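These are the structures, in C-alpha cells.
The two complexes that follow have chain A in common; it is paired with chain B in the first and with chain C in the second.
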Partner chain A sequence: MSLLVALLVALPIATAVLTLVLWRWPVLQRGVAVVSSTALTLGSIALVLQVHATGIQIHILSGWPAPFGIVLVADLLSASLVAVSASVFLAALVYSLGYMPSGTTRFSYLPLFFFLHMGVNGAFLTGDLFNLFVFFEVMLLSIYGLVITSERDSLISRKEKLEATFKYLVLNLIGSALMLLAIAILYGTTGTLNMAHLSIRIDALRALGATHLDLAAFLFIVVFGLKAAAVPFHFWLPDVHPSAPTPISAVLSGILINVGAYGLIRLTTLLFPGVQVVSEVILLVAIATLLLGAVLALGQLDIKRLLAYSSISQMGFLLLGVGLATVQGLAAAVFFLINHALIKSMLFLAAGGIMHVTRERSLDRMGGLARGAPLLALTFLIGVLALAGLPPVNGFISKLLVFQALIESGRLVYLLLALVGAFLGILYAFRAWLRIFWGRGSGGSETSVGGRQLAPIAALAGLCLVFGLLAEPLVGLTTAIAGQIMDPNVYIDAVCPLTCRS
Partner chain B sequence: MVSVVARVVTTTVLYVGILFSISLLLAGHNSPGGGFIAGAMTASAFTLLYVVFGREYVETRFRIRFRSISALGLAIAVFFLLLPLAFGLPLLSSLIWTIQLPLLGEVKLVSAVGFDVGIYLAVVGAILTIVRRSAGGESLG
Partner chain C sequence: MVSLLVLVIAALFAIAAYAIRHGNAIRMVIGLSILANAVNFLIISVGFKGDVAPFVGAAGTPADPLVQALILTAIVIGLGVTAFALGLAYVLIREEESTEVEDFRRLKG
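== the complex of A and B ==
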C-alpha cells in the first residue's frame, strides 16, 4: 500500500480547493500553487524510483480490495508519465504566473489548472476502467474553462476561443458516449471494471470465441484516437490547442494527447494483448496521422497552428511504436511520449514568448528575431532540431528508436513512409525557424519577456538536450517499461493475484 | 405574470423539496441517496423559486453567496477525503465512531456523511451559481 500514489491524486485536488478558498490573498495563493506543484514533481520522481526499486505500487481506495473497489496502480509506465506531466505542469505554472493577468489567475485559472492536474494524474494511475472515464471527464471540464480564459497578449479573439471550445465540447461528448458504450460492452460481458480482472476475463472469453468484445476494442481505438488526435479524428486539435492561453497550449499539446496514447498502450498491452487486427489498425492510423499531420503543418502560417499540426504528425510516429506491439516498438513509443511532452510544451511556451515580443501570430510578418531575442532563438532552435529529429537532441533518439523497431519487425513499407514523414518534419520545422529568426524584420526585444517566462522554457530546453546527449539511462528506463507492460501478468499479479484468478 | 397556482405550489415545494433532499443526504451511502442527488434536489427547489418569483424578488429577501458555498463544500469534501490518511487508512475510507448519547443511546458517526455533506454543498453552490449567472440582470417574474 503506497501513500505516495494516493498523494499524487489527492494533493492536486487539495491544492485546487485551497487556491479557490485563498482567492482574496493572491500572493499566498500563488505560493501554495508553486509549492504544491514542486512537491508533485518531486513526489512523482520519487515514485518512479520507488517503482523501479521495489515493483508496482498500489493504493486500495476506501479499503475495498480489487476487483471490488477502485485501486490506484503505479507501474513504471504510469509513474514515468505522471513524473513527466508534473514537470510540464510545473513549467506551465511558473510561466503562467509571469504571463496570465492576475485577475484571471485569482478566480478560475489556478483551481482549474490543478483540477486538470488531478485528472491527468488520476487517468494515468487508476486501475479501473470506469474511473478512467471519470478522470477523462474531470480533465475535459477543466480544459473547457481553461481554454476560454483570457490572456495578456489577446492575439486570439474570444469568439475564436469559444468556437474552438464548442467544437471540442461537442466532439468529446460524442467521444464520452462512445467510451461509455465500450465500457458497457465490456462490463456487460465480463462483469468487472478492474483492468487487471478485465485482462484475465477478456482473454478467457476471446479464447472461447467471444468476438463481439473486439467491437469494444475498436470503440476504444476511436475514443483514445480522438484524445490523441489520430487521423481521422485530428481536426479539432489545430483549433483548440492554439486558441488556449500559451501555458495551457503547452499542457494540452504536451500532456493531454499523451493521455490518449497512454490509453492505446493500455488497450494493446493489458486489455487486448496480442490481438493482431487491433495492432494493424493502429499501424494504419499511425502512418496516416504521421503523413497528413506533416503535410498540413507545411502549409501553416500561424505559429501556434503549425506547432499544433506538428503534434499530430509526431503522434503518428508514437502510434507506430504502439501498433508494432513489440518490446522495441513500445520502448520507442514510451521514449517518444516522454520526450514529445518536453519538446512540444517547450516549443509552445517559446512560441508564446515570440508572440509576446512580436505581437504577431503569422510567420509572414515575423523575421530577424535572432538578434533581438537570442535566448528564445536558441531554445526554439533546440525544439526545432528535436521536431525534425536531428542530433544532438532527444527528438533524434526517439525517431531513431521508432525506425529501429520498424526495421526489426520487418515493416519496410511503413519505414519508408515514416522516413518521408520525418523528411517533411525537417522541412516544416526549419521553415518556421528561418521565417521567425532569420531574414529582415522589425525584430523586437527579448527584455519584455520576463524571467518567469524564460526560466521554464530554458529548463525544458535543457532537459531536451540532456535526454539527447545522455539518452542511455532514459532508454534503459523505457526498455524496462516496455518489458513490464508487455507481460500483463506482472500487472495482474501486483493488483489482485488471488481474487482475480479464481 | 406567473399564476397564483404556481406561486402557492412553489412555496410548498420549496420546504418539502429541501426536507426530502436532506433526508436523501442522510440516507445515502447505505440506501439510495447521497450528496449529489440531494444537492441537485435542493438546487432545483431554489431554481423553481428563482423562475417563479424572479431574481429581484428572491434576492431582496435573502442573499446567499453560492460561489462561497460551493468552495466551502469542496473544502469539506476534500477534508474528509484526506482524513483517513491521518489514521493510516487508505483515501476515501469511511471512519466510524460509535458514541453513547443520553436518551438516544448508541449513535454511529460516519465520516462518509461529512464527505456527502461537502458534495451536497458543492453541488448546490455550483448549480445555483450557474442559474443566477444565466438569469442575468433581468427579472424572470
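== the complex of A and C ==
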C-alpha cells in the first residue's frame, strides 16, 4: 500500500483545478504549476527508487481489494515511465511559461496541461483495463484542447490546427470504440477487468483452446498502434504533432506515443504473454513503421513535420524490441522508450526556438544559423546525433541494444532492414542540421529566445549526453524492468496473490 | 431479448459506418456518436446473464451490474467528446466554408 502512487494521479488533478480557480492571479497560477510539476518529477523519481528497493507498489482505491475494485500498480516499468514523463512535462511547462502568450495560459492552457499529465500518469499506473480506457479519454480530450491553442509565433494557421484536431478526433473516437469492443470481448469471456486477473484467466482459457480471445489481442494492437503511430495507423501524426504549439508538440512526440508503446508492452507481456502470432504481427508492423517513417522523413521540408516523421521511424525501432518478446528485446525497447522521450522532446523544443529566431518553418528558407545561435546549434546537433544513432549520445546505445537483441534472437532479415532504416536516419537527421545551421542564409540571433526556453532545451540535451556517456546504470535499470515484466507472475503476485488464483 | 439486442447493435453499426464514410463533417460526428452507442449496447448485452434486476438475494439469475456501471462511464465520456466534436466541426466548417471533408485539403498527411 503506497500513498505515493495515488498522489501521482491526484496531484495533477488538484493542480488542474487550482490553476483553473487561480486564473485571476497569473503569477500565483504559474507558481503553483511549476511547484506542482517539480513535486511530480521528484515524487516519481522517489517512486522509482522505492519500487527498485522494495518491489511493486500498489494502491487500492476506495477499499475494494483486487480484483473487485480498481488498483493502481507501480512496477518498475510504470514508475520509470511516469518519471520520464514528469521530467518532460516539467521541461515543457518551463518552456511554455516563456513562450505561450499569457492570455491563453491563464484560461485553458495550464489546466488542460495538468489534465493531460493526470491522464498520462493514470494510464501508466492503472491496473484495470476499463480504467485505462478512461485515462486514455482524459488524455485525448486534453490534447484536442491543447493542439488548437494559439501560440505566440503563429507560424501555424488556425485552419491547419482545426483540421489536424478534427482528423485526430475522428480517428481516436473510432479507436475508443474498438477499445471498448475489445474490453467487451475480454470481459464477456473472463468476467474480470483487472489486468493481473485477466492474465491468469486468459492464460487458462487459451490453454483450453479459446481462440476468439486472440481477436481482442488484435483489436488492442490496432488501438495501441493508433496511439503509437504504427503503420498503417501513422498518418495522423505528421499533421497533429507539428500543428500543436511547440511545448505540446514536445509532449506529444515525447510522451503520448510512448503510451501506445506501453500498451503494446503490457499486451505482449501481461495479457497475452508468449502468443507467437501477436509478436510476429508487431514485428512486421515495426519494420514497416521504421522504413516508411524514415523514407518519408527524407522528403520533408517543414522542420516540425520532419521531426514528426522521424518519430514514426523511431517508434519502429522501439516496436522491434517489443515484438521480439525476449528479455534483451524488451530491455532495448524500454531503454529506447525512455531515451526517445528525452531526445524528441528536446528536438521539438529546439525546433520551436529555431522557428522563433528565423520566423520560418521551411528548411529551404533557413541557413547559416550556427553563427547567430550557437547554443541551439549545439543542442540540435546532440539531438541529431541521437536520432542518427551515433556516439556519444543516448540514441547510439538505444539502437545498439535493439540490434544486439535482433542478433541474439537470430532475426537477421529484420536486422538488415533495421540497418537500412538507421542509415536513412543518419541522412534525414544530418540533412536537417546542415540545412538549418550551415550554408548561407539570413541567420538570426538567439538572443530573442528567452532563458526560460533555452534552459529546458539545455537540460534535456544534457540528459541525452549523460545517458549516452554513462549508460550503464540506465541499462541496468531497463534490464531489471525487462526481467520483471517478462514473468507475469511477479505482477500477479503483487496485485492479488490469493483472490485471483482461487 | 438478446437476439433483439443483436439486431439493434448490427443496425447501429451499419448506420454508423454509413454516416462516417459519407464525408460530411457533421454526419461524421453523428456517425461516431452512433458507433459509441452501438458499442455501449454490445457491452450491455455481454452482461445479460439473466433478466432479473441485480441485487443480492434476487430470485433467479440477476443481470451483471458491472457492465451497466461501465457504460454509464462510457456514456458520460461520449457526451463530452461529442459536444466537443460538434463544436470543433462547427468552427471548422465556418473556417473552411464547406461541410465536406474532401475540401479540408491543407494537410496531406
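List of remarks:
One rule holds for everything that comes next: the second predicted complex is superposed on the first by the 502 of 502 C-alpha atoms of A that agree within 3 Å, B and C clash if a C-alpha of one lies under 4 Å from a C-alpha of the other, contacts with A are read in each partner's own complex, and residues count from 1 in each chain.
Basically, a residue touches a chain if its C-beta (ideal position, glycine included) is under 8 Å from a C-beta of that chain, and two chains touch if they have at least 3 such contacts.
Only a predicted model underlies this, so the values are computations on that prediction, with no experimental measurement involved.
On the superposed chain A, the positions of chain B and chain C stay apart, so the two partners fit side by side. With chain A as the corner point and C-alpha centres for all three chains, the angle toward chain B and chain C works out to 40 degrees, nearest 10.
Looking at the shared chain after the overlay, A:362 reaches neither chain B nor chain C. By the touch criterion stated above, A:180 is placed in contact with chain C alone, chain B being left untouched.
Chain A is touched at more residues by one of its partners, and among chain B and chain C that partner is C. When the two structures are aligned on the shared chain, A:409 is found in touch with neither chain B nor chain C. Judged by the touch definition given at the top, the superposed model places A:134 against chain C, while chain B stays out of reach.
In the superposition on chain A, A:59 makes contact with chain B only, while chain C stays out of contact range. In the superposition on chain A, A:38 makes contact with neither chain B nor chain C. Contacts of A:10 after superposition: chain B is touched, whereas chain C is not reached.
In the superposed pair of complexes, A:239 makes contact with chain C only, with no contact to chain B.
Between chain B and chain C in the chain A overlay, the least Cα distance found is 7 Å.
Counting contacts as defined above, no chain A residue meets chain B in one complex and chain C in the other.
Taken in their complex, chain C has these residues touching chain A: 20, 25, 28, 32, 35-36, 38-40, 42-43, 46, 66-67, 70, 73-74, 77, 80-81, 84-85, 88-89, 91-92, 95-96, 101, 104, 106-107, 109.
Contact residues of chain A toward chain C in the complex are 130, 134, 137, 140-141, 144, 148, 157-160, 162-167, 169-170, 173-174, 176-177, 180-181, 183-184, 187-188, 193, 235-236, 238-239, 243.
Those residues of chain A lying in contact with chain B across their complex are 1, 3, 6, 9-10, 13-14, 16-17, 20-21, 59-63.
Residue ranges on chain B touching chain A, taken from their complex, read 71, 74-75, 78, 81-82, 85, 89-94.
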